[in-house]
Amino acid sequence: MMGMILEWLSWLLLAAGGFFVLVGGVGVMRMPDLYTRIHAASVTETLGTMLILVGLMLHSGLELATFKLLAILVFLLFTGPVSSYALGNTALLGGLKPELGAQDASKEGCEP
Amino acid sequence: MSLAAQFPVLVVVLPLFVAPLLALLANRGNLPWLVAIVTSALTFAMAIALTAQVMQTGVIYYELGNWPVPFGIGLTIGPLSAMMLMIISGASTVALAAGRESMNAEVGEEHQALLYSCWLLAMTGLLGIAVTGDAFNIFVFMEISSLASYVLVANGPKRQALTASFKYLVTGTLGATFYLIGVGYLYMMTGTLNIADMATRLADVSDTLPVMIAGGFVILGVALKAALFPMHAWMPNAYQYAPTPVAIFFAACATKVALFVMLRFQYELFLPNLGPQASFLSSWLIPLCVGGFLVGSAVAMFERDLKRMLGYSSVAQLGYIVLGISLSSSAGVTAAMIHFFNHALIKAALFVAVAGMVLRFGSSNIEQLAGVGKRMPLTTLGFVLAGVSLIGVPLTAGFISKWYLIQAVLELGGLGILLTILILVSSLMAVVYIWKVVEVAYFKEPVDGQSMLGVREAPMPLLVMLWVLVFANIWFGIDPSIPITLAKQEAAGFFGGAR
Amino acid sequence: MTLLGLYNYWIFILLLVVGLYAVLVKGNYVKRMIGLGIFQAAVFLLYITMDKVEGGTGPIMRGVPEPGQLYANPLPQVLILTAIVVGIAVTALGLALAIRIREEYGSIEESDIRRQDQES
Amino acid sequence: MISLLGFMTLTLVAVAAIATVLATNLFVASMWFGIFSLLMASNFFILDAADVALTEAAVGAGVSTVLFMGALALTGEKEAIRAKFSWFPMAVLGVLALALFVATFQQPMLGDPLAPVHQHVAPWYLEQTPLLINIPNVVTAILASFRGYDTLGEVIVIFTAGIGVLSVLSFKPKRRQTISSEALAAKVRGVQHHSILRVVGKLVIPLLMLFALVVQFHGKYTPGGGFSAGALFAAAVMLYGILEGADRSAKAMPEKAMLRLAAVGATLYTGVGLVCLLLGGAFLDYNVLWSDPLIGQYVGILLVEFGVGLTVTTVLILIFNAIANRPTY
């Protein structure tokens, strides 16, 4: 019985993770400029991957593989957001102005 | 095990062991050069000992790591491999001995430790190919010699050396990767990598298409590495812009090792097993060789730069060797092997003479070398005698190889006569471009701007090496017993069924 | 079923053509190095496709292997480990040459370099 | 099911390759090349080639992308766009592709156990390794012992590339150098103040180096070995160089020391072979290294793999430092 619940739970998590990866993918296509795309991509990176990894951990039960998956999860938790930050920071330093901000600012006439 | 029994692997491992240490030497004086030439001379001595042993006892086998051959890597040294070992290590020793001063002139003091380390690595790669019996191992050592050769060419004095080296890198890597694809297909169909073992297992799959494609890829890859006619653009460039001692070494043996691989694959693998299809592969090469030696000699006639001219003449001479290989007959193999040996002697002598002239005149442009005959009599005479051997006048090594080539070609009947005429035409063209240099050297007055005061005879070691090579040319013209016995032994090996 | 069986070879052919096209046609030296990289990666794919055995795992025999266990063929993997390092060695040298050519000629485009050579 | 996944990844690989060639901005092209290598590595893993996947990921996706970035910083970013699509080479390649395509129908299917590849040499390795060398990872056994001569050639190839890049880049450009590389790095550090990145870097780099050492010395039991370990260690140093500035990574791993260590690695490998020679065995015959041949093989492979790892690491760091510290024009 316990195995059944775990099985269902892991399939559920995997499906949810898959869905969020899909959402992230569509978001990256639809967003206008780099900065908004980073938001969409980070949805895939953090939420989608986490759900899939936890789903896999439940799937493989208490073994060495689970610990390895946990290590990957922690590693991704650190490097995922940092790489998005690095991308955004370098883009800003590189002189790429965020698109949406520019339109509202020009309407109200203040510096972006 | 006695030391002599270890020679087959030591001949490759000695330079391989010394080269990394040589890279660490500080660039003090000519210490790197000294280490390089001592190693090269020792390797040459080992190669001669191996050749003597092969001539008595036939093929030498050596299993690395004591693993049985199809599972481990085995070294097989037959007569052809022994001759290649001698040519490679001999050419390297001669080029180092003759080229010290011109290397100091063309490459700065601070780059020489790395340069001579790359020189030894290039020699190691070539020796490794000549010795090994494993198809993938040939690829690894081909990469070692190629990488080291790109670096050697890139060290040339002028900036064009860099683009010449880059083109050589792209062509060489394409060739090596085509060869790798060919070996991949062969491995896919036979399941083994050792060439001898592959030959035994190829018979039952020989009619399938992938094996034909494997043959095509191997021949194409090796032709790219050997600068066969349509794909030869990189070679004259590389010889012209590389430092001259490097040109001596490469002209004598670098491209010939690729032909050595072609000969081994053609005669050991494709001919006995593929039957009719194999002759299709080789007959496809004949028009390329004819194009090679006609176009090569024709372009050489109009070339202004001496080294570039000799580069194109090398394209022509390699055309003769590939013609010998593509005849797929015992006489063809003998002719090809003899020309391996003689061409190394001729080209080494020519380039050593050119090195002397470039060292004293500072440029290899033929017009600027006017009056070199008067100022550097010994060097120019050496050049002329080597040129005579290139043309194939009797009593010289060139004549012997042309003689055996024409004998082999005539076996083809009607086509043979046409080929003989074409060979003679290209020899006439050789006369023209050698005469062009002779005319400039002896009968033209030096260009007035040129101050002839500083020009004196070439340095002593260069002259000694030049005349050693010229005498070798003449000696092997009169008594070609060594190359011929090796060639006959190898041909017997392929066709006699001894293997 | 043949589609899945031979798909690897078809992708190998496609990569071969894409890599060769980039090496032969593109003028930019760095782009040609990338093309060379793709061309060599295609060869890696050809070798590693050979090693797969249906129902076999990686060639690691931990502990006493139960008799029925099939293993992938280890030999192509060894060859490709060597070929990958050859690829990176050639790429590194090619890029170093491209850098020096850029400093000497001011550009790494085949057309500019040929023009400068003809002028001098 | 797995081969369906393989089918997907291979299609992605083809798409990535075509995108790489079509991209005209070279930074975009080298990014695509990194993605292409990573997809290729995942495909290798699906084909049961774990060692190759690890090496391809570390070398293909990691090191070569960094080298391309370094080279592009010193050369032009944009590619001269020649719009015309030249037909002749494409026609020749098309004919070649057609010939190869027709040949594929006579080639063994993917995963076919009766293919000639699995008949002759491979089963011997799988049977004999537990008896002769007794280490679980058969790939490392073949790499270091059965075909040790190949790997020796391999170490020399990577060493040649190292001294080749040094020799080519040792010619300092003649034009006046406006700003020294140290000053340039300090200026860049000032502007980009990657403080967050450097903090996380300090966390990740030691872990990456530790993982590289695990891969190096655990290579007999799990996928790994000299090549991938060397590439991983070099990737860690490159990450340090990128975050902290190339002059600091050059100070941490000076060129002279790297060249010496690379030479030591190469001669260590040849030295082990020669020792076997002197002890009476054939070249690279580890059985004679110890009284019991199995331990001899173990010791031989350990030393040889260490030589490979040392040379690959130091040469890749050498190349990175040489390219990253070259003054830009």
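A, B, C and D are the chain letters, set down in written order, and residue numbers restart from 1 in every chain.
To be clear about the criterion, a contact is a pair of C-beta atoms (placed from the backbone, for glycine too) under 8 Å apart; a residue touches a chain by one contact, two chains touch by 3 or more.
All values derive from a computational prediction rather than experimental measurement.
**Student:** Return the chain pair with more inter-chain C-beta contacts, choosing between C-D and B-D.
**Tutor:** Higher contact count goes to C-D.
**Student:** Averaging only over C-alpha atoms, locate the centres of chain A and chain B and give their separation in whole Å.
**Tutor:** 59
**Student:** For chain C and chain D, let me know how many angstrom lie between their CA-based centres, rounded off.
**Tutor:** 12
**Student:** Can you give the whole-Å distance between the Cα centres of chain B and chain D?
**Tutor:** 32
**Student:** If you average the CA atoms of chain A and of chain D, how far apart do the two points sit, in angstrom?
**Tutor:** Roughly 29 Å separates the two chain centres.
**Student:** Among the residues of chain D, pick out those that touch two or more other chains and give their numbers.
**Tutor:** Those would be 100, 107-108, 115, 117-118, 121-122, 125, 147, 150, 153-154, 157, 160-161, 164, 168, 171.
**Student:** For chain C, jot down the residues that touch at least 2 other chains.
**Tutor:** Residues 16, 20, 29, 50, 75-76, 79, 82, 86, 89-90, 93, 97-98, 100, 104 of chain C touch two or more partner chains.
**Student:** Find every residue in chain B that makes contact with two or more other chains and list them.
**Tutor:** 136, 140, 143, 147, 150-151, 154, 187-188, 193, in rising order.
**Student:** Let me make sure I understand the interfaces: which chain pairs count as touching?
**Tutor:** Taking the chains two at a time, the touching pairs are A-D, B-C, B-D, C-D.
**Student:** Would you pull the chain A residues touching chain D in the complex into a rising list?
**Tutor:** Residues in contact with chain D: 75, 78-79, 82, 85-86, 89-90, 93.
**Student:** Under the touch definition given earlier, write down the residues of chain D that touch chain B in their complex.
**Tutor:** It is residues 99-100, 102-103, 106-108, 115-122, 124-125, 128, 145-150, 152-154, 156-157, 159-161, 163-164, 166-168, 170-171, 259-260, 262-263, 266-267, 270-271, 273-274, 276-277, 280-287 of chain D that touch chain B.
**Student:** Sort out for me which residues of chain B touch chain D in the complex.
**Tutor:** My answer: residues 1, 6, 9, 13, 16-17, 19-21, 23-24, 62-67, 70-73, 110-111, 114-115, 117-118, 121, 124, 128, 132, 134, 136-137, 140-141, 143-144, 147-148, 150-151, 154-155, 187-193, 197, 201, 205, 208-210, 212-213.
**Student:** Which residues of chain D touch chain A in their complex?
**Tutor:** Touching chain A from chain D are residues 191-192, 194, 196-197, 200, 203-204, 207.
**Student:** Quick check: in the complex, which residue numbers of chain C touch chain B?
**Tutor:** Listed in rising order, the residues are 16, 20, 23, 29, 32, 36, 39-40, 43, 46-47, 50, 75-76, 79, 82-83, 86, 89-90, 93-94, 97-98, 100-101, 104-105, 113, 117.
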